[in-house]
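Take a look at the structures listed below.
Two complexes are shown next, each including subunit A; its partner changes from subunit B in the first to subunit C in the second.
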Partner chain A sequence: MNNLVLTIALPLLGAFLLPVLMRLSQAIGLWLGPIILGYGCWLLGNLWFSDISLPLSIVIGGFDAPYGINLYLDSLALLFAFAVQLLGLICWPYALNQDTARRQALMLLLVAASTGLALSGDLFNLYVFYELAAVATFGLVAASTTSAAYAATFRYLILSGIGSVLTLLGIAMIYSQTGTLNLAHLAQLAPELLHDRLGLTAYLLILIGIGVKAELFPVNAWVPEIYATASSRLSGFLAGLLSKLALLIILRLLVLIFDQPEAVQIVLILGILGVVSGEFAAWRAKDMRRMLGFSSIGQLGIVFIALSLPDERGLLALLALSLHHLVIKTGLFMLADGWGGSLERLTGAAKRSPVGAALFTLFALSLVGVPPLPGFWAKFTLITELAAQSEPLYLIGLLVFLLATVIETSYLFRIVAKLYSSAGTTTEQPEHQHLPGLSLATASLFGITLLAATVLIAPIGDGLQAIATEAKNAELYIQTVMPVTPGGQL
Partner chain B sequence: MRNLTGLLFAGGLGFMLLAIASGIDFGSPPMRIGEAIQSASPQEVGAANIVTSVVLGYRGIDTLGELAILFAAASAAGLVLGRRHTTTGTQRKGGFVLFHGGALIFPFLLTIGFYIIFHGHLTPGGGFQGGVILAAAFFLPLLARPGARLHHSILSVIEAFAGASFILIGLAALAEGQAFLQPMLNQDTLGALISAGTLPLLYIAVGLKVGAELASLLSNLAQTESEQ
Partner chain C sequence: MIPGVTLELILYATALGLVIIGLAGVVLSSHLFRMVLALVIAEAGANLMLVLSGYRWDAVAPILLQRAEQPAMVDPVPQAMVLTAIVIGVGIQALAVSILIRIRQRYGNLKRRDVAEKMDAEIAASAGIRRDISQDAPLGERPLSPLPAHSAESRGGDA
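For the complex of A and B:
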C-alpha cells in the first residue's frame, strides 16, 4: 500500500536522471518517461480494481499524522491521480528536438507535482507541489521560444508569483491560529479557531492564490495568452487537468475547513463573474486557441458555480462538469494543434480533414449540452440543483448559466458552420491547414471516450454519486487520517 | 488607469491585512505540532539540530519538493538561456586582487561548504546552505576569468546522481517495508558526527545537488551575459 508514493517519487527520479541518461543513450532516455507514467497508470488502475477499502491514509517518513505528512487516498483522489498519469502519457511531448531532455524532465516534474496535488493531505505540502507545478509550467511554456511565448510566460510568472505569495500568506495565517498544517487536524480545530474574520481572510487569500491555476475570475489574465502560445498538448494538460486539481484543493478546503456560508458565497460570485467575462470574450475571439482559452475560463466559472452548491448533488454536478470539461477541452486543444490562427482560415476545412471536423462537431454538441451526450447530463444536474435553491444569488447563477449556454452555442456553431461551408471565396489561402496525425489520433481517443461515456452514462453517474458522497464526508476524512485523537496538549 | 487600479488594489490589500493583523494577539502562537515535535524528535530521529529533523524527517517530502522546484527552475532557465553558446571572452579579466584572492579563498570555501553540509544534523546549516557556498566557490574563478568554462557535463552528472540518491534512500526504506523517506540506520549517540541514521546522507545529497545546480545556473547566466 505504501507503493502509492511511487507515483510521485518515480517521476521525480526520472526527471533528475533524464538529462544524463539522454546523453548516455537516447533510446533509454526517450522511453524512460512513458514507462514511468505507464507504470503509474498501472499501479493506480490496479488500486481501483483491488479490494482495498478506501479511503486510506499513507504516512510519509513513518511519522503519524498530524506530526508528519500523509497522503490521503479516497476515490476522488484516486480518480484524479489516475487522470494525471494517464493524461501525462497522452500529452507527453513526443516531438524531438535539441531540448527534448529538458522538456521531458519538466513534464515529468509537472506530472509528479500534479499527482502530489491530488493526493497530499497537508496544507504546506500542497503548496510545495503547487509551486513545483507552476515552475515546471513556466519552463514548458517558455520552451516554445517565440517572443510571444516569452511575453505570455512573463505575465503568467508575475500573476502566478502574486498568487503564490497570497497563498503562502493565507497558510501562514492559518498556522498562526491553529499551530498545525495537517488537513484532518485543521478540520478538527476549524469550528473553534478558524470560523471567524481571520479564518475567512486566510481562506480568501488561498482562494485567490490557488485560483490563479483554476482560472478563477480576477486572476485569469494569463489564460488566453498562454494557451495561444504554448504547445497544444501542454495547453490541453493545463486547461484539462491542472485547473481541476486547483479546484480539488479548494473543494477540500471548503468541505473540511471552511464549511461556512460566506466562504461558499464568494465562490459563487466569482464563478458567475468568470462565466460572464469568459463567455463574452470567447464570443469575440478571432483565433481558435484564444477562443478555447476564454471558453475554458467560462467553463471553469460554471464549475465554480457548481462548487458553491451545498449538498452532495451539487458535488456530483461539479464532478460531472469537471470530468466532461477535462475530456472535451483536451480534445479540442488537440484539434487546435493544426487549426490555430485566425478563424477565417478554417473555411471549408471539413473537406481536408473530415474526421477532425466531425470530432469538433461532436465536442461542440456535448459542450453545449445536446441530450444523449454526457454534457447534457452534467448540465442538467446543475440546472435542477440550482433551481432547487432558495437563495436569490443561486437564481442569478442559473440565469447566467443559461445565458452562457446560448453564447457558447453561438460561437461554437459559428466555427462548425465555417468548417462545413463549401468555400465560397475563391481567393482561399494557399496554405492548407492539416491536422498532424498524432494530434488527430489523440483527439479521436477523447471522442471515443465521450461516446463510450454516452452509452455508459448510468453506471458512471452512480459511480460519481458514490465518489461525491465519500468526498463530502468530513468526518470520514478525519477518522481515516487520525483514528486516534492526538494527545491532550493538542 | 492601470496604475490607479494597481494602487487601489495594493491599498485595499494593505488595509485589509492591517485590519486583520490588529485582531491577532502577538506573542502567544499556538504550538500544537511544534511542541510535540520538539519534545519527541531527539528520541525519534536522533538529530541534535531539531530543524534538520523537521526538514528531513517529519517533512522530508517537502524538502524533496523543494529540490525538484530548484531543478525545475534551473532546467527552465537552461531552456531559455541555453541556446547561445559561443563565448567570445570579450570581457576584461578580473584584476590581480580578484584573481589571486579567488584562488586563495577557493579551498577555504570548499572546506566550509562541506563542513556545513556534514554538520547539518548537529549545528545550524545543512545541505541547502552548504550547497550555496560550494556553488559560490566554483563561481568565483568564473568572475576572475570570464572566459573560463565549467564542465557542464560533470556538473550535470553530479546533480543527477545526488538528486537520485535522495530519492533512492527514501525508496530503500520503502523496500525494507517501511514508509517512504523514513529515517533508517542506527541513530547512535545524540550529537555525534556519525549519528541520526540516514539524515546526514540525505543532506550530503541535497548539498551536492544544490551546489552543482547553482554553479551551472550561474555559469549559464554568466556566459549569456558575456555575449551582450
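For the complex of A and C:
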C-alpha cells in the first residue's frame, strides 16, 4: 500500500534527474516524464477499482499519526490525485525547444507538489507542498521569456509571498494553541482549543494565504496577467486544477477544524464578491485569455459560495461545479492556444476551424448551464440548495449567482456569435487564428468527456454523492488516522 | 520594567510588528526591489512567530543527554519547521531577485507603476487590442496649472 508515496516521490525524483538525463540521451529524457505520470495514473486508477477499503491513512517514516507525518487517502483525495496525474499528462509541455528539459522538470515538480496537496494530512506539509507548487509555477510562467511574463511572474510571486507569510502566521497561531499540526489531531482538539477568536483569526489568515492560489477575492490580482502570458497548457492546469487543490485544503480545514458559522460566512461573502468582480471584469475584457482568467475568478467565486453551504448536498454541488469547471476551463484554454488574441480577430473563425467553433459553443452552453449538459445539473444542485437555506446572506448569494449566469451568457455568446458571423471574413492576420492540431485534439478530448458525462450523469451523481458524504464525515477522518485515541498531547 | 509587560509579550509584539511593517511595505513601496525587501521583513516576523509558538522560558535546548534526570526541553518541532520555512523563503527571494534582473534588463527600470504600465501595453499589443488608456497628453488647456519643477521632483518622480 505504501506505493502510494511513489505518486509524489517519482515525479519529484524525475524532476531532478530530468535535466541530467536530457544531456545524456534526449530520447530517454523526453519519455521520462510521460512514463512517470502514466505510471501514477495507472497506480491511482488501480486503487480506484481495487477492493481496498477507503479511507485509509499511510504513515510515513514509521511514527504513528499525531507525531509522525501521514498521507490521507479517501475517495475525494484519490479523485484529485488522479486528476492531477492525468491532467499533468494531458497538459504536458510536449513542444520541443531549447529549454524543453527545464519546462518538463518544472512540470514534474508541479505535479509532485499538487499530488502532495491532495494527499497530505499535515498542515505544515501542506504548506511546504504549496510553496513547492508556487515555485514550479513561477518557473513555468517565466519560461515564456517575454518581458510581460517576467513582470506577471513577479506580481504573482509577491502576492504568493504575502499568502505564504499569512499562512505561516496562521500555522504558528494554531501550533501555539494546540501543539500539533496533524489535521486529525487538530480536529480532535479544535472544539475546545480553536473555536474562539484566536482560532478564527488563524483560520482567516490561512484562508487568505491559501486563497491566493484559489483565486479568492481580495488576493487574485495575479490571475489575468498570468493567464495572458503563460502558455495555454499551463494556464489550463493552473485554472483547472491547482485552484481546486487550494479549495480542497480550505474544505478540509472547514470540515475538520473550523466548523463554525463565522468561518463559513466569511467564505460566502468573499465568494459573492469574487463572482461579482470576476464576471463584470470578464464581460469587459477584450481578449480571449484575460476573459477566461476573469471568468475563472467568477466561477471559483461560485464554487466558494457552494463551499459555504452547510450540508452534504452543498458539498455535492461544490464537487460537481469544481469538476465541471475543471473540464470546461481547461478545454477553453486549449482553444485559447490558437485564439488567444483579441476577440475581434475571431470574426468568422468557424469557417476556418469548424471543430474548434463547435467545441467552444459546446463549452459555452455547458458553462451557462443549458440542459442536458452537465453544467445544468451542477448549477441546478447549487440553486436548489441555496434556495433551501433560510439565512438572508444565502439568498443574496443566489441572486448574485443568477446575475452571474446572465452576464456569462452575454459575454460567451457574444463570442459564439462572432465565431459564426460571416461579415468580417477579410481579417488581416489569418495565421494568428490557426488552431494548433495538438491543442484542438486535447480540447476535443475535454469535449468528449463532457458529452460522456452528459450521458452518464446519473452514476456520476451517485458517485459524487458518496464522495461528498465521506468527505463531510470528520469523525471518520479522525478514526482513520488515529484508530486509538492517544494518551496525552505534547 | 513596566509591570505587566513580559519578555514574551514583547517578542510576540515584535513578531506581529515585523509582519505588519513588511506587509505595509509591500503594499506601499513604489520600487519593486523594495517590495522584495519588505517581503523579507514580513517573513522574518512570521518565522519569529513560529519559533515563539514552541518556546518555553524555563527549558533547555532539545538535545537528548545520557543523564538520569532530563531537564525540560523546548519543543523542537517548530524549530525544525522554521528551518524549512527559512530555506523556502530564501529560495523564493533568490528567484524574485533573478526575475527582477530580467525585468530590469527588458524594461529599463524597476518602478512599480512603470513596469505595470509596460506590462499592460505589451499584453495588449500581443493580443492585438487597443488599450482604454491613452498614452498621449490630454487635449486642450489644463484646468490646473502644472506644479513647479522642484515640487514635482520632491514627490519621488514615480508619476
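One rule holds for everything that comes next: the second predicted complex is superposed on the first by the 478 of 490 C-alpha atoms of A that agree within 3 Å, B and C clash if a C-alpha of one lies under 4 Å from a C-alpha of the other, contacts with A are read in each partner's own complex, and residues count from 1 in each chain.
Note that a residue touches a chain if its C-beta (ideal position, glycine included) is under 8 Å from a C-beta of that chain, and two chains touch if they have at least 3 such contacts.
In this text, all values refer to a predicted model and were calculated from it rather than measured experimentally.
J.: Regarding the shared-chain residue A:229, is it in contact with subunit B (first), subunit C (second), both, or neither?
T.: second
J.: Mind working out whether A:16 is in touch with subunit B, subunit C, both or neither, as first, second, both or neither?
T.: Touch status of A:16: first partner only.
J.: For A:176 in the superposed arrangement: first (subunit B), second (subunit C), both or neither?
T.: Both partners.
J.: State whether A:417 touches subunit B only (first), subunit C only (second), both chains, or neither.
T.: Neither subunit B nor subunit C is touched by A:417.
J.: Does subunit B (first) or subunit C (second) touch A:161, or do both, or does neither?
T.: second
J.: Based on the superposed arrangement, let me know which partner A:112 touches: subunit B (first), subunit C (second), both, or neither?
T.: It touches subunit B, and subunit C stays clear.
J.: Which partner chains sit in contact with A:128 here, subunit B, subunit C, both or neither? Use first/second/both/neither.
T.: In the superposed model, A:128 contacts both subunit B and subunit C.
J.: When the two structures are laid over each other on chain A, which of subunit B and subunit C touches more residues of subunit A?
T.: B
J.: Quick one: classify A:143 as touching subunit B (first), subunit C (second), both or neither.
T.: first
J.: Once chain A of both complexes is superposed, is A:402 in touch with subunit B (first), subunit C (second), both, or neither?
T.: Neither partner.
J.: Take the contacts of subunit A with subunit B and those with subunit C, and give the residues found in both.
T.: 124, 128, 131, 135, 138-139, 142, 150, 173, 176, 179, 181, 490
J.: Would you tell me which residues of subunit A are touching subunit C in their complex?
T.: 124, 127-128, 131, 134-135, 138-139, 142, 146-148, 150-154, 157-158, 161-162, 164-166, 168-169, 171-173, 175-176, 179, 181, 225, 228-229, 286-290, 340-342, 344-345, 429, 432, 490
J.: Show which residues of subunit B lie in contact with subunit A when the two form their complex.
T.: Residues 16, 20, 23-24, 29-37, 40, 44, 57-62, 64-66, 68-69, 71-73, 75-76, 78-80, 82-83, 153, 156-157, 159-161, 163-164, 167-168, 170-171, 173-174, 178-183.
J.: Name, in rising order, each residue of subunit C that touches subunit A in their complex.
T.: Subunit C residues touching subunit A: 19, 22-23, 26, 32, 35-36, 39, 42-43, 45-47, 49-50, 52-54, 75, 77-78, 81, 84-85, 88-89, 91-92, 95-96, 99-100, 102-103, 106-107, 115-116, 118-119, 122-124, 126-129.
J.: Inside the complex, what are the residues of subunit A that reach subunit B?
T.: 2-3, 5-6, 8-9, 12-13, 15-17, 19-20, 23, 58-63, 66-69, 99, 102-103, 105-106, 109, 112-113, 116, 124-125, 128-129, 131-132, 135-136, 138-139, 142-143, 145, 150, 173, 176-182, 185, 193, 197-198, 201, 486-487, 489-490
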